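Worksheet: one structure, shown below.
In order of appearance the chains are A, B, C, D and E, and numbering begins at 1 in each one.
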């Protein structure tokens, strides 16, 4: 067996640094330069983590499904690596929504959890993609893994509107969209600006995380290749 | 020698699956007993003084159908995986969609058979007046069963070849069952409490849309789950 | 070369089983997700305006544990049956009781691990105040789990070699689960509604008696389930 | 002569292991390839690709002039694999008849009876396959694979578990298929047995064909010696 | 010479079928019985009874002077069966080491390495058994069966799937076990292979031993002809 080569050294990830810096800036602005909300007080600051995380989670899963769909036709391993990375990052952000939401709910609604439509939808999204990751984990073979998880990713995307619809009919308590509200913005402009800044920051952060995770997947696949390609007595 | 068409092949596969299930009749019998037991254990898991049986019944019904359906769908690919028989299906000159349709058809028949027995049972145990509700209930059952089976059959095919099929199948499938089970249970509750079926149309529409989207999507997706 | 004693052999078998389960961690993760899903789908199966979550919680908890436990026990003999590995265990010079004890031990560990995650989840989702109820709940859980696993493991062994294990297991086991699940659910309900544990002693005594009788009986009965 | 099986540049990786590594072959009607090679050489993987069960990582396989996995190509193939591919709750007859139905065999009932008789299991045709001994199951598996008189027969260690009578029946059957214009690939570890059947012989090692030639006129003893050296 | 395996009047019925019908045999240390017979003759069933896996309908089997299925008797047996008896999620090493632990082998780790090396699968010892080819799995199954140096080795068509190297390794191993004073029963359909190994030879047919004799000095060619007639 050849010397196990260490993963190739990558140049410093300036992009990640930038993303972290912008996110930090968004927070500095949110915490010190944006007034607290009148009724909710400082608890409302959670919004700046909560809503952008939700946005990124949806984005991540949408892209996972898209990458899967393209994989089925192009069979390009890079698409699968992207789907894998995006799903994992998406689960992290969904978890952030599911943690920040209850943290916020406790002081505002007086309960950690309620079976509101949006909460439920988020929870099931989380389940679907946890399932996605588990499925990936039990299929050792790379092509089969890419193929089956692509199918699951696409069906998952089809599922979201149905869950949305059915839980919406069930009952709802969560604030209606504040930004994309037909009656116009319902936040003071300074808050709205901070709000969008945070969205932008989180989107950057998503891109940076996926990029790093993707690089890891590339290295891992390359490493597997060098390990396994060793001749082994004709077997 | 002409390869059989889509429907002929589906039918041959469904018949074979049903032959296996009914060979000893015990698979069907066990499924029925399983449903009955689930219904009974649900009864005992709750304090009947705290929760009225009529409020429990629709939920029990649908949770029971969900789990017994999952078992049936797990089995339907289990028999293929055991000695590699699925390979023989894949080598045969039938469209892969027909494998899916055949298995789904067998599953619908099987699950519907189980439901036909457990529905009256639940009516008796939980003292639910079914008399006037038969027809709407049948409609709900049919709509929901088709959706459950389509999704469940697809996922059973995905998980059949992993070493964790019986665990992974519910994990993957249950989130997809939510938009079926919830509307079905709500519509059932409405119907059982004597409200006119028109009030449940919103629920039924979800079910119908789900069936249309997922029967199609799963049939199209199935070939991708088996090629290797 | 001395054959290992009862406990050493049980331990070796339990370790092997846990190694298989945790090889990828996915078996455990799936079991946890399965429990969470069951908890959640139960919620949606019932109309929350008709049935309060606090009234539902104990039943949901125990039904969920029952089914996820059954899955774990089914798996534990499934891995033996797949390539005939159970034969290798039977040829080995270990007491047959130790096969039972080893598998049951692994199952208790596995099921308890799953419970450790799903208990807080149900507390959050169903808005159940666990704060003061931890200790009594733990006692109830332990007592009930031992009983469930003893009976479930035995029946999993019986059904493993039939071509219907996954159906037959619940059919055989659930009737035996009733005297565990009902007292456990009742005691849980009592504890959660803030009554002192002393009020549940009648239930706990049933659980304890069940454990004693069935751990012993199943250990003794096990060898008969495998001889051929 | 028409080419019935053609493979060009087949590669199949599992993870990073190249189980099959640049394999090409072509067989015409009436030809029979005996495929030899040590354990793990990739023989089964090649067969599964040719049956359309496994997608090659690169390269392509054709049956006649249809590319796999097109159903028209698959229907002409018969596969005998490591596993029985039978439903053990069904009887031998039901298993074989089901295969006949899937292939659209015109007189399924009669073809079933003939296939089972050819393998000498007609007398056990109506018990569940589960209660047959290993060799009897193998016979049923073979009957299932040939009930539709495939143009291409892929046999992975088909003699496994067969007794002398079963082996003779199988040999007769393989010869008959060849005579009827089918192309055969037979994987076996028994060089003499394989060479006696074959028109071509190939040796795989570490995923590659390291030898491929016409078998007629080969000296079996010498071939065996050379084989030992080749794969050592 | 101590009798290691003794069976008297074994009968085993499945429903109405007498799979084994009044079989008796006795083998001493260092003896090896080659067991021949057509498919469905009852060979596997006899082996499973001798391993303590199947209770005879009547008759009894002993290992040394302990009657089966007493654990003391079972522990001295090693079994190679039709099925691999491996946990396919575990690696070869883990499988074999687990078997060693169950048998109380003093230095389990070392015995494992030795067994895997003897079967020439040491280089694939650390991948899940699931991803090994059939022949490699068979090697691991054999390693598992002999890791505790059993006094009685029961081998049901043990050459199945093995290539030349694997077959040679197995033959060496069987000889070594014999030399070490074990008693062996080897079921095979290859008369020459079996006779070359054995001290005794037996032919089963329809559940009965129809021939049983010392193998040394038998003429293999003639034996084969007579066998054909016997089982025809």
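Operating definition for what follows: contacts are C-beta pairs under 8 Å (C-beta built on N, C-alpha and C of every residue); 3 or more make two chains touch, one makes a residue touch a chain.
Predicted model only: the values in this text are computed from it and were never measured.
With centres defined by CA atoms alone, the chain at the far end from chain C is D. The chain with its C-alpha centre at the largest distance from the centre of chain B is E. Distance between chain centres (mean CA atoms), chain B to chain D: 38 Å.
Here the CA centre of chain A is 32 Å from the CA centre of chain B. Mean C-alpha position of chain B lies 26 Å from that of chain C. Separating the CA-averaged centres of chain D and chain E is a span of 29 Å.
Multi-chain contact residues of chain B, defined as those touching 2 or more other chains: 79, 163-164, 168, 171, 174-175, 178, 182, 186, 227-228.
In chain D, the residues that touch at least two other chains are 14, 38-40, 55, 82, 88-89, 231.
Looking at chain A, residues 124, 127, 130-131, 134, 138, 140, 143, 170, 232, 235 sit in touch with two or more other chains. Of all the residues in chain A, the ones that touch chain D in their complex are 140-143, 224-229, 231-232, 234-235. Those residues of chain A that touch chain C in the shared complex are 102, 111-113, 115, 120, 123-124, 127, 130-131, 134, 137-138, 170. Across the interface of their complex, chain D is touched by residues 1-4, 9, 12-13, 16, 19-20, 23-24, 79, 82-85, 87-95, 227-228 of chain B. If you check the complex, the residues on chain B that touch chain C are 26-27, 30-31, 33-34, 37-38, 40-42, 44-47, 50-52, 55-56, 58-60, 62-63, 66-67, 71, 74-75, 78-79, 163-164, 166-168, 170-171, 174-175, 177-178, 181-182, 185-186, 189. Per the touch definition, chain A reaches chain B in the complex via residues 72, 124, 127-128, 130-131, 134-135, 138-139, 143-144, 147-148, 150-152, 154-155, 158-159, 162-163, 165-167, 169-170.
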